[in-house]
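Read from first to last, the chains carry the letters A, B, C, D, E and F; within each, the first residue is number 1.
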Amino acid sequence: MIWQLDLLILTLVVVCAVVVINLKDLLAATVIFGVYSFMMCLLWAEMGAVDVAFTEATVGAGVSTVLFIAAILRTTRRSKD
Amino acid sequence: MAYQTSIWPIAAVMISLLGAIPILLSGRQPNLREGWTLVIAVGKFLLIASMLPAVLAGGGFVFTLAEVLPGVPIQLRVDAMGMFFALVASFLWIFTSIYSIGYMRSLEEHGQTRYFASFAVAISATIGVAFSANLFTLYLFYEMLSLSTYPLVTHEQNAEARASGRKYLTYILGTSIGFALPAMLLTYSLAGTLDFTSGGILVGKADAATLTLLLILFVFGFAKAGIMPFHGWLPAAMVAPTPVSSFLHGVAVVKVGVFSILRVVFHIFGPDLLGEFHLGTALTVLASITIIVASLVALTQDNLKRRLAYSTIGQLSYMVLGAGMLTAAGMTGGMLHIAMHAFGKITLFLCAGAIYVASHKKYISQMDGLGRKMPVTYTAFLLGSLSIIGMPPLGGFISKWNLVIGAVDGGSLLLLLVLLVSSLLNAAYFLPIVYRGFFAASPEGAEAEGIKEAPLLCVIPLSVTALGSLALFFFPDTFLQLVRLTLFP
Amino acid sequence: MDAFMTEVVAKYNYWIYVILMMIGFYAMIGKRNLVKKLLGLNIFQTAIILLFISAGVKRGGGIPIVDKHAALEHGVHAAQTVNPLPHVLMLTAIVVSVSVTGVALAVLLRIWREYGTLEEDEILEKLSQ
Amino acid sequence: MKKLALLATIVTGALLIYGVQDFAPWGDPDAPASRHLSPHYIEKAVEETHVPNLVTAVLGDYRGYDTMFETVVIFCAGMAVVSVLRRPKS
Amino acid sequence: MTSNLHMYVMVLPLFGALLVSLFGRINRRAILPLTLVSLALSALASLGVMQSVLQHGSFSYTVGNWQPPFGIELVVDHLSAMMLVLISWVALLATFSSLKSVARDLEGREYQFFTLYLILIAGLHGLVLTGDAFNLYVLLEITSITTYGLIAMGRGRAPLSSFNYIIMGSLGACFYLLGVGYLYILTGTLNMADIARILPTVTGEVATATAFGFMLVGLLIKMAFFPLHGWLPHAYSDAPTGAGVLAAPLMTKVTVYLMIRVMFSIFTVDSPLIQDAGVQNLIVWVASFAIIIASVLALGQKDFRRMLTYIIVAEVGYMVGGAWLANAQGLTGTILHIVNDALMTLCLFLAAAAISYRIGGLGLERMTGLYRKMPITMAAFTLGAFSMIGVPPTCGFFSKWYLILGGIEAGQYSFVVALVFSSLVNAVLFFRIIEIAYFRLDGNGHDHAPVKVEEAPMMMLQPLVVVAILLLAVGFGTGPLIDHVIRFTLPGVF
Amino acid sequence: MMDQRTESCDIIIRMTVRIMMPFIQLFGLYVIVHGHYSPGGGFQGGVILGAAYIMLSIAFGLKDSTRYLSEKANAVMGSIGPMIFVGVAIVCALVGGLFLDYSALDKIIPLGPIEWRSMGIFLVEVGVGLAVMNIMLSLYWDLASNGEMEEGL
């Protein structure tokens, strides 16, 4: 556990989360959410939770993002807030 | 008192409840349906009367249906007080049934099956209230009565009837849920039981403030007794067909209210407890106000049934007044008045119905000279009014006399005054009707209408009940004995 | 103040989780866009996962996979590996989270079919017409 | 509305962080969470199930009941999505 | 050798669901026997469980044959056995009606509907059985996800209602999970009994209180306790009829059961959080307020089913308030009300299903003169209405009796007043319908000609009649029910 | 337009997918099977397998991808997955053990109770993998085609 790395990732995670909920373009928000998930995955891997990290990488950054993108392409990219 | 377990009480209650089923099933054949009604009525009276000797001998019967709550079973018990009321109600029901058949047929009413079925359930509930062994069972049948009489009040199904039905339910259900139920629960919470016990179950269980609150909740909670300000349903309910008004709102429903209050006073609080905390005064004050105000309002009513309704409100309060005096004679008078008023008032209502069947007239001002065409009806009406006013030789005299003695015993001049004034008022709103019927000139064109006596099925019952009023003056012993057993076991 | 800072430093992971939770929670109840609400829900759920995973961490603990033969012969010391239980729980939680996301997206598509918008206020406006 | 949401968020966050004060410091090997159940899993799982991946052992066996429902959850999601979106072929 | 019977109660609907999803899509006629057989067997098994609990007392069971804190423990005591019986029989009765209405409303999608439906039932069984805090979360999500799907299958604004429910439901579940996380960090275990054992020895009142607060709020959201009830009325009234019939009677009641479990199995009665007078007063006050507001809101509804959903919200207030009176009478009333309310709600929703099947809608105005067309349905409805109002001897009266008694004993008079008020409002609500259906004339004047009776199909009518009779039977059986079952479920202190 | 794209532009993508597909699937299977010894297990492997098919249907279009794995087969496999899990659980109870007590399966094929626990976990993981793969794919199909199952993204 390297605390500098840890802190860096944690900061990035928070930044990503803030960006996700503030972007007006949903597609971009979703992609950032994928990044967020991936950062989380790194964080957990670094904490020793390899299985959870693996799952988050496949699900959170992978399938979940694809599902979001599929739904957004079927509906609309715009968001008022 | 020794009670023996027996199925007779439950049989007496259930016969008409189960009887509602064949009535509903034979809806397509009116003769069969009404045959059932009569059979049930007579059977019920016989069942109840068969239990009378044992009760007069100081015994009774008890039947436990189910223990639904700890210490509070659904239990029926035949004691003197219940027998007193059941006897009156079941006896009068026979004549109401006969009268109903005549009335409904001659007016070709709709929905008769529903009518007779509801009636059967209602009388069942009435007897249930009479035979309840505890407050919970009483409440159960009380609610059953409220719900089964709702279709009868709304019978006409027009806007007015529906509005009255709404009003009826609002008052009756509203007070029973809003006041009586919490009062009952509070009682249970204080005493741990709800059994009717002579001498009361609340002795030493609560302080004066709680007791006062309880008493007020009970008196208003049983709004069927028509204590002001919860009397408004009674005049409204007069839109119902006359047999309903006569039996339910002259005898069963309203007396159930009074009976419940008396039960609470005698067997939940106990007269001694009330005396100790001077709570009798609360009852007498409420009752006196109701008596005077109701009598005054009755004077102003032109609709005959409404006038009778207000008269009923006043008379009911006599019974509460008697109980509130807490003297032996007063309580005797109060209880006796249940029977005496029942016979008198049912006669009056039956007469009003007969007049309506024969002439389709509802208003007193239209009834000039009618008595000469319907002498039997009007004579019965006279007897009924005299009984209620309290004239000898009619039954009403006995109860009023006891009330007066009670007031004197209690040393309350004010109550004496109330009794006297209200009797005068009674006379003032009843006698003019009779006077106009016999002596006022008929309105023009009245001859052409060809009014004559109502059908026999209507006239016979009202004659019998009028004579009953008369007979009660001479043979009140059974009832007196029952009252004595209730008050001084 | 020092005590407070020590407290924060000792538990900074928990602070981050609370911040993420707040971001997600705010998006769920404060945002009007339905997709944003859903993203908020996902952030909320990852925050909870972070809480649990943080609870399982042991300073100096390895990943929860051991050498079978060595373990059978010599046994394992609890201090050697991180706590596997929160990982198990969170695997389940992730599955639940993706399931909910799937269903919610499907419902979103139905809403789009029905109203042609994903903004809550616009939908309510259309409904009130 | 947004202000209210913000307020609710802050209150919730404050409550959660307030509760954190009773926790053991992060990564403490003596934290209650690491002392009660987990030593048993870590030390006994291989012996009892012959599975070196402790997470799989706990997931598949000790808490297999959870995992069964986890599968059912996924299955439900699939079924729900089909039922919500797909139009029956006429 | 412990019996596996209670596992079959849970697993039979689950396996039935999988079979339905497999064969139901191939042949529609396979759905009915599969659904009914699995539910009927499950219902019978639940009776067996009840029987064994009554005879031998409660027992605990560990899935996978591990020692309790390590494996997942299931608790079969009087309360959970009673809930098993309740859920399986309510589900069985509701299914008859659902089969009919779904065949019409959701043609071609029956197998999806019944797969979700059966899994929902299995999830409810699982919830009732579980003795593990995290397992409870998973099952909570199972019941929620299936319900989301079922609700979204409805028409009109159903998807929107479903989405609101998804957000609120997930929020509730997340809060609950947060609470579990805090408890886990404090105690290191997830087993309810184990937590209860360790918790008094843990230092950290604040974290415990936070955990308790979040678990409680999470469950309160799930059970639609006012002011967190916003999702429920739309969700249940927009759902397909077949789904409403199952979800409305069971979901909130099971969540109340969970609240009782959390209160008394995780945090014991002696816990300072539960004994705290401030907490008790607060919750009872909010509950009283909830009952009154929900009742008033119900008055404003023009649609029968929407009205019922607000009544459900009020009834949740009854149960939560009753449980937090923190005395024996109140808790007895709450548990009794879980049973009674499930039956009453089932009765009314079945009646609503039957009516809407025949007349195609549930606007109050459309019900004019309905009793001549559907006399049996209306009779059963009337009985259900009486029970809701609390007319003896229907079962609704008895639970109200205990709740009020508990309120008096605890000195919480606001709660008593709220209960009485809501009874009165219910009376107004239902008599309005009774008046319309029985006494308003459909044509001009009285028509003596008998109207053609068009009852609902037998599949919908029979369960309705059975439930209506049950309302009376449970009412008369209150004494034995309390003596043999509920008495054992109260914590020993009471 | 969609046709044009699938006809001409995506030849590189399609070729790449065609080449990668077996490797990804192999990896997915490895993750499931090797879950006992390395990170991973039924769920992760299932998602990878599902993702492989999702990739396929993105590259080749939804309609074409159903030729490789038909909708019906997908649904059937999706139901069989949980059925394996629940079935194992029930069989454990039926042969006389407790629910989900894999060691009870020893009574059918004697491998030794502890070895059976390992085997039981494996069986169950296969069920999970099957379910997850098919349901992930089905989620994608439905969301991408708006439930029409006609054309994907």
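What we mean here is this: a residue touches a chain if its C-beta (ideal position, glycine included) is under 8 Å from a C-beta of that chain, and two chains touch if they have at least 3 such contacts.
Predicted, not measured: the structure shown is a model, and the values here were computed from it.
Novice: Taking touch as defined above, what minimum step count separates chain A and chain F?
Specialist: Counted as steps through touching chains, the separation is 1.
Novice: Taking mean CA positions as centres, which chain lies farthest from chain C?
Specialist: Of all the other chains, the one whose centre lies farthest from chain C is B.
Novice: By the contact definition above, name the pair with the higher C-beta contact count: C-F or A-C.
Specialist: A-C
Novice: Let me check something: if the centre of a chain is the mean of its CA atoms, which chain is farthest from chain D?
Specialist: B
Novice: Comparing chain centres built from Cα atoms against the global Cα centre, which chain wins on proximity?
Specialist: If we average C-alpha coordinates per chain, E lands closest to the whole-structure average.
Novice: Measure off the straight-line distance from the CA centroid of chain B to the CA centroid of chain E, and report it in whole Å.
Specialist: Once rounded, the distance between the two centres reads 43 Å.
Novice: Could you give the separation in Å between the centres of chain A and chain B, each centre being the mean of its C-alpha atoms?
Specialist: 78
Novice: Would you kindly tell me how far, in whole Å, the mean C-alpha position of chain F lies from that of chain D?
Specialist: From the centre of chain D to the centre of chain F is 22 Å.
Novice: Measure off the straight-line distance from the CA centroid of chain D to the CA centroid of chain E, and report it in whole Å.
Specialist: 26
Novice: By residue number and range, which residues of chain D touch two or more other chains?
Specialist: Within chain D, the residues that touch at least two other chains are 16, 20-21, 23, 27, 31, 33-34, 37-38, 41, 47, 50, 52-53, 55-57, 59, 61, 63-67, 70, 72-78, 80-82, 84-85.
Novice: Using the touch rule from the top of the page, what residues of chain C touch 2 or more other chains?
Specialist: 12-13, 19, 21, 25-26, 29, 38, 54-59, 61, 63-65, 68, 81, 85-87, 89, 91-92, 95-96, 98-100, 102-103, 105-110
Novice: So which bits of chain A are touching at least two other chains?
Specialist: 1, 50-51, 55, 59, 63, 67, 70-71, 74
Novice: Mind pulling up the chain E residues that touch chain C in the complex?
Specialist: 134, 137-138, 141, 144-145, 148-149, 152, 157, 159-160, 162-163, 166-167, 170-171, 174, 177-178, 181, 184-185, 190
Novice: Quick check: in the complex, which residue numbers of chain C touch chain D?
Specialist: For chain C paired with chain D, touching residues are 7, 10-15, 18-19, 21-22, 25-26, 29-30, 54-61, 64-68, 71-72, 75-81, 83-89, 91-92, 95-96, 98-100, 102-103, 105-107, 109-110.
Novice: Note which residues of chain F are touching chain C in the complex, please.
Specialist: Contact set of chain F toward chain C: 37-39, 43, 139, 142-143, 146-147.
Novice: Which residues of chain C touch chain F in the complex?
Specialist: 63, 65, 68, 91, 95, 102, 105-106, 109, 113
Novice: Considering only the defined contacts, which chain C positions touch chain A in the complex?
Specialist: 12-13, 16, 19-20, 23-24, 26-27, 31-33, 35-36, 38-40, 42-43, 46, 49-50, 53-54, 56-59, 61-65, 81-82, 86-87, 90-91, 94-95, 98, 101-102, 105, 108-109, 112, 117-119
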